[in-house]
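Shared between the two complexes below is chain A, which pairs with chain B and chain C, respectively.
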Partner chain A sequence: MTRRVVVHLLLGLYGLVSAYPFLWMVSGALQGTKEMLGGGHLIPRHPTLGTLAQTWTQLHFLRYFGNSLAVTVATTVGALAVYSLAGYSFGALRFPGRRLLYGCFVALLFVPGITMLLPLVILQNRLGLLGTRTGLILPGINATAPLAVMLLTNAFRAVPRELREAARMDGAGEARTFVSVYLPAVRPALVTLALLTAIPTWNEFVLARVSLGDPATYTLPLGLQDLSSSANPQQNTLMAASLIIVIPVVLLFVFLQRSFVNGLTGAVKG
Partner chain B sequence: MSSSTTCPFGTRRTRRWIPWLSVAVPSLGWLVFGLYPSLATVYYSFTTYSGLPGTPMTFCGLCNYRDMFTSNYSQLSQAVVTTLEYVGGVTVLQIGLGLGLALLLQRRRFGYGLYRALIFMPQVFSVTIVGVLFSLLLDPSSGPAEAVYHSVIGGYSSFLGDSNLAIWLIVLVNVWMFSGYTMLVYIAGLRRIPPEVYEAASLDGAGAIRRFWKITWPLLAPSTTVNVFLTVMGSLGEYALILVLTQGQYHTQTLGMFMFNTAFGVNPDLGLGSMLAMVQFVLTAVIGGVLLWALRRREVSL
Partner chain C sequence: MALPAPTARRVREALTGYAFVLPAVALFLVMGVYTIGYGLTLSFARWNGFSRHWTWVGLGNYLDLLYRDPVLAPAVRSAALRTGVVMVAAPAFAVVMGLPLAVLLNRIGRLRALYRTVFFLPYVTAGIAVYYAWTYALAPDGSVNFLLRHLGLGSLAQPQGFLGNPATALPTLIVVTAWSAVPVATLLYLTALQALDTSVLDAAAVDGAGGARTMTAVVWPMLRPITAAVVMLGMRDALQGFQLFLVMTNGGPGGHTTVLGLEAYDLSFANQFRPTLGLASALGWLLFVVALLLSAVNVRALRSRA
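Now for the complex of A and B:
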């Protein structure tokens, strides 16, 4: 019994240390500049939403939020549309060369992202996409390819063939079978893929930094970076900006934790 | 559902094209945003090119390779050493911590779900946030870390500005971010070990430590393979975290950071940067290959 208490204490302590930067950020975001300049407190004495409101309106985080949302939604919807079709073909249909093609997609996993960064920027420039949202969305969709193809091919393969034959007997064509039989059956995998695409896209920083020039097109992480490298940034403002970025992700994580965790640990089982 | 012949993609002849149509778009993406950039990196590494719009790209053979392995060799070798220190530090700490946490948190008990979530959460933070938060936490004049350091150890430290310390602090930040993931993979592995194995060992009178080394550790080999491989590969390619914390200053210039600074720094040199990307690619491929081979062999022998 005492052992259990000790274990709980240790875990609680470690959990607290692990969560401390987050708690510290929330606390800072809820303090006014005056309190912060006086050293700040972990539990705000005069909690206020003023810092958040100011960051949201005067520091353009509303605009950055819109940009991030547009890029994230487009990338996620695009990835789901493109790779659910591909996964269906790889997992449920037979055609010559499918193993080779599948292998090509998975092979991208072994090319470190950093080695593709430079030509990607030049390519954006050549295609006239440098500094645009599309220039982030298209490579973003492609970046999910290895994970998406593996995850969805496995999911589609796991759907019993009897379901397909039953749909055929009822006279459903390929499109109908895909939409009303297969898609509902692989829903958990689609949710997982949506999460594993949306969160990294929302957080993406490096490609945005090297390709976006006009502050009007900045995504949230870039807006935060811009704020922190400006002259004399206020600590509470930086934390409010961080909190704005983190809230949607933490909400997604809390509500869909199961799909997220299953996806992360399941994807590696291959 | 009525039987109909108007359903799209209905006939035998058109049906044959469906798989090809459905993989056409992702294949195009693969060619344009996957294969092309990979091959372009190889080509750029043989050119002199600043990367700035309007500047010429001139083919120069092995010039970048020659320069890097002669006059700039010390910079390159320093970057490789820093990379290996970083990878080694992250891997040892993250595997150790992840395994320890998994052993403690594998059971479904009251409150354990919360601990797991708290430990896992940093993974969903953007690196920019992590950069801002830790720069403030580790601020040498006003951060909370300074207060703790001053009262516990005494004296002052410049933390991320200290060339002996900075890389290890980034290692710790990396471990903080991703040890929850390592933990989850280990928990999944632990839950696949059948309880009967432990019961048999208990009957034989094996103690907890003996049970760990004789049963748990060998049976966890597949999870260890996954964790070690992903951690090594992930930390080898890590540069965003270093970029937001130190920009590669104070002895934190890993190979990836060196490449980033060369290609996008004050005097951008895309040719040289691409050459460094090639070194990064080769290093990753060699380490990844050897690692997979060694881990597989280990799994068989255990």
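Now for the complex of A and C:
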């Protein structure tokens, strides 16, 4: 009995450490400027939703949210489309050179992001994509390549080849076989990939910072940085902005937790 | 309708295969191969990003970074030293926190899902928002100082803030790095613990091994591949990651938290009009070589132990 109490006490204690910045965010976001200027409190004495509402409407966070959502959805959908096709062809089809190609994608895992950052910005500029959403989306999709190819190739390889033969017998073409036989069979892997793409894309800051110039195109992380470097930023506003960034991913994670956790262990082990 | 001949079928399958990898390959050629090739070429030149021509310097950039430049080389060396410290300390921290947490989580039935969700928050939200929240919590009038003073630990409080004092800035960033690495470590250990053969643990108990002895003599060796994976992931992140450093201190105070990734970032984007882009590329490729060596070592370690 006492042992169980100790175990829960220790876990609860680390839970506090783990959630510490979020508690701080929530506390700050729920305080008005007046309370904040008076030093602020860990537990707000006069909790208000006014700061959140103001950040959302007057500080353009609605627009940043829209930009972030557009970039995240496009990157995720793009990654799912491009790499489910590639994963299917690596995992379920046989053709000369597939091992070599597969190796090329996986090798990308070893190239540090900073090594690619500067050439990427120059490339965006050459393609006329500097400062645009497409300029973030295309490299974003490519950045998921190593993980996506590994994850989906493994998933497609696990689908029995007899299913393919059976579909062919029934007269299904290549596209039909892929869409109605294989895709449904690898659904868990697709959900995992969607989360592993959407979460880092939502939080992406470095590429956005060096490539976006016009505030109208800012994503949420950039909006937050802009806010913090403005004259005399208030802590409650900053924490409200941070909370606006964090809440959607936390909700996404809570709802899809099971497949996320399973997929992540699989991806890291695989 | 007769089935197509086997050869025709194989050709069709191969053609489908090529057609299906085409979008991924096209994207890879433009976003991957082009940028990698461009970066590698640029690492052998001097360029400020605006002039029409590059000046070829051969291996000059690499030599400047490694020893030749009287200002840059020492800066790179101390950044490398700091990166090395983070690469050792952050994964060690993640193991030391992650394993006990996993053992505890493995013992309880109720609330496990809740704890797991809360423990996973740092991973899911890793980014500028959380780093700002930490920055404010660690500021001179932040909540960490406030808590320490109220818990009677005022001597540990930092009047300049934890990130403002050159002595505490790097250790503090290491703790935050580790804090974000603990979730994946805990999860990997927990999965491995759940898959452990319980009969081995029972046998150890029959042989009279206590909890601590079972842990060190039986469980810890069996978890070695997981520890290797956690350390490898942590080292890779420490080597390549610099976002946390960029957002929380930007290398300050007085350059005391500049790591290699941040140094490369500054050479790329903070030196407007100075011809440092080749140097930035060269530093990026040096990081790549280290990452490659690291994974080669790790593959061997995993093979010999697992």
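Here is the rule we use: the second predicted complex is superposed on the first by the 270 of 270 C-alpha atoms of A that agree within 3 Å, B and C clash if a C-alpha of one lies under 4 Å from a C-alpha of the other, contacts with A are read in each partner's own complex, and residues count from 1 in each chain.
The definition used in the following text is that a contact is a pair of C-beta atoms (placed from the backbone, for glycine too) under 8 Å apart; a residue touches a chain by one contact, two chains touch by 3 or more.
Just so it is clear, the structure is predicted and the values come from calculations on it, not from any experiment.
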Kindly say whether there is room for both chain B and chain C on chain A in the superposition, answering fit or clash. clash
For A:Val77, decide between first (touching chain B), second (touching chain C), both and neither. neither
Just to be sure I read the superposition right, which of the two partners does A:Ala172 touch: chain B = first, chain C = second, or both, or neither? first
With the two complexes superposed on chain A, say which partner A:Gly15 touches: chain B (first), chain C (second), both, or neither. both
What is the contact status of A:Gln225 with respect to chain B (first) and chain C (second): first, second, both, or neither? both
On the A-aligned overlay, A:Phe105 touches which partner chain: chain B = first, chain C = second, or both, or neither? both
Once the shared chain is lined up, is A:Val250 touching chain B (first), chain C (second), both, or neither of them? both
Return the residues of chain A at which the contacts from chain B and from chain C coincide. 7-8, 10-11, 14-15, 18-19, 21-22, 24-25, 82-83, 85-86, 88-90, 93-95, 98, 101, 104-105, 108, 110-120, 122-123, 138-139, 141-142, 145, 149, 174, 199, 202-206, 210, 221, 224-225, 228, 235, 238-239, 241-242, 245-246, 249-250, 253-254, 257, 261, 264-265, 268
Per the touch rule, the chain A residues reaching chain B in their complex are 7-8, 10-12, 14-16, 18-19, 21-22, 24-25, 82-83, 85-86, 88-90, 93-95, 98, 101, 104-105, 108, 110-123, 125, 138-139, 141-143, 145, 149, 170-176, 199, 202-206, 210, 220-222, 224-225, 228, 235, 238-239, 241-242, 245-246, 249-250, 253-254, 257, 261, 264-265, 268
Within the complex, chain A is touched by chain B residues 1-4, 7-10, 15-16, 18-20, 22-23, 25-27, 29-30, 32-34, 36-38, 40-41, 44, 51, 53, 101, 104-105, 111-112, 114-115, 117-122, 124-137, 144, 176, 180-181, 184-185, 188, 226, 230, 236-237, 239-240, 243-244, 256, 259-260, 263-264, 270, 273-274, 277-278, 280-281, 284-285, 288
Name, in rising order, each residue of chain C that touches chain A in their complex. 10, 12-18, 20-21, 23-25, 27-28, 30-32, 34-36, 38-39, 42, 49, 97, 100-101, 104-105, 107-108, 111, 113, 115-122, 124-130, 132-134, 136-137, 141, 143, 146, 179, 182-184, 187-188, 191, 229, 233, 239-240, 242-243, 246-247, 261, 264-265, 268-269, 277, 280-281, 284-285, 287-288, 291-292, 295
In the complex, chain A residues that touch chain C: 4, 7-8, 10-11, 14-15, 17-22, 24-25, 28, 39, 42, 81-83, 85-86, 88-90, 93-96, 98, 101, 104-105, 108, 110-120, 122-123, 138-139, 141-142, 145, 149, 174, 178, 199-200, 202-206, 210, 221, 224-225, 228, 235, 238-239, 241-243, 245-246, 249-250, 253-254, 257, 261, 264-265, 268-269
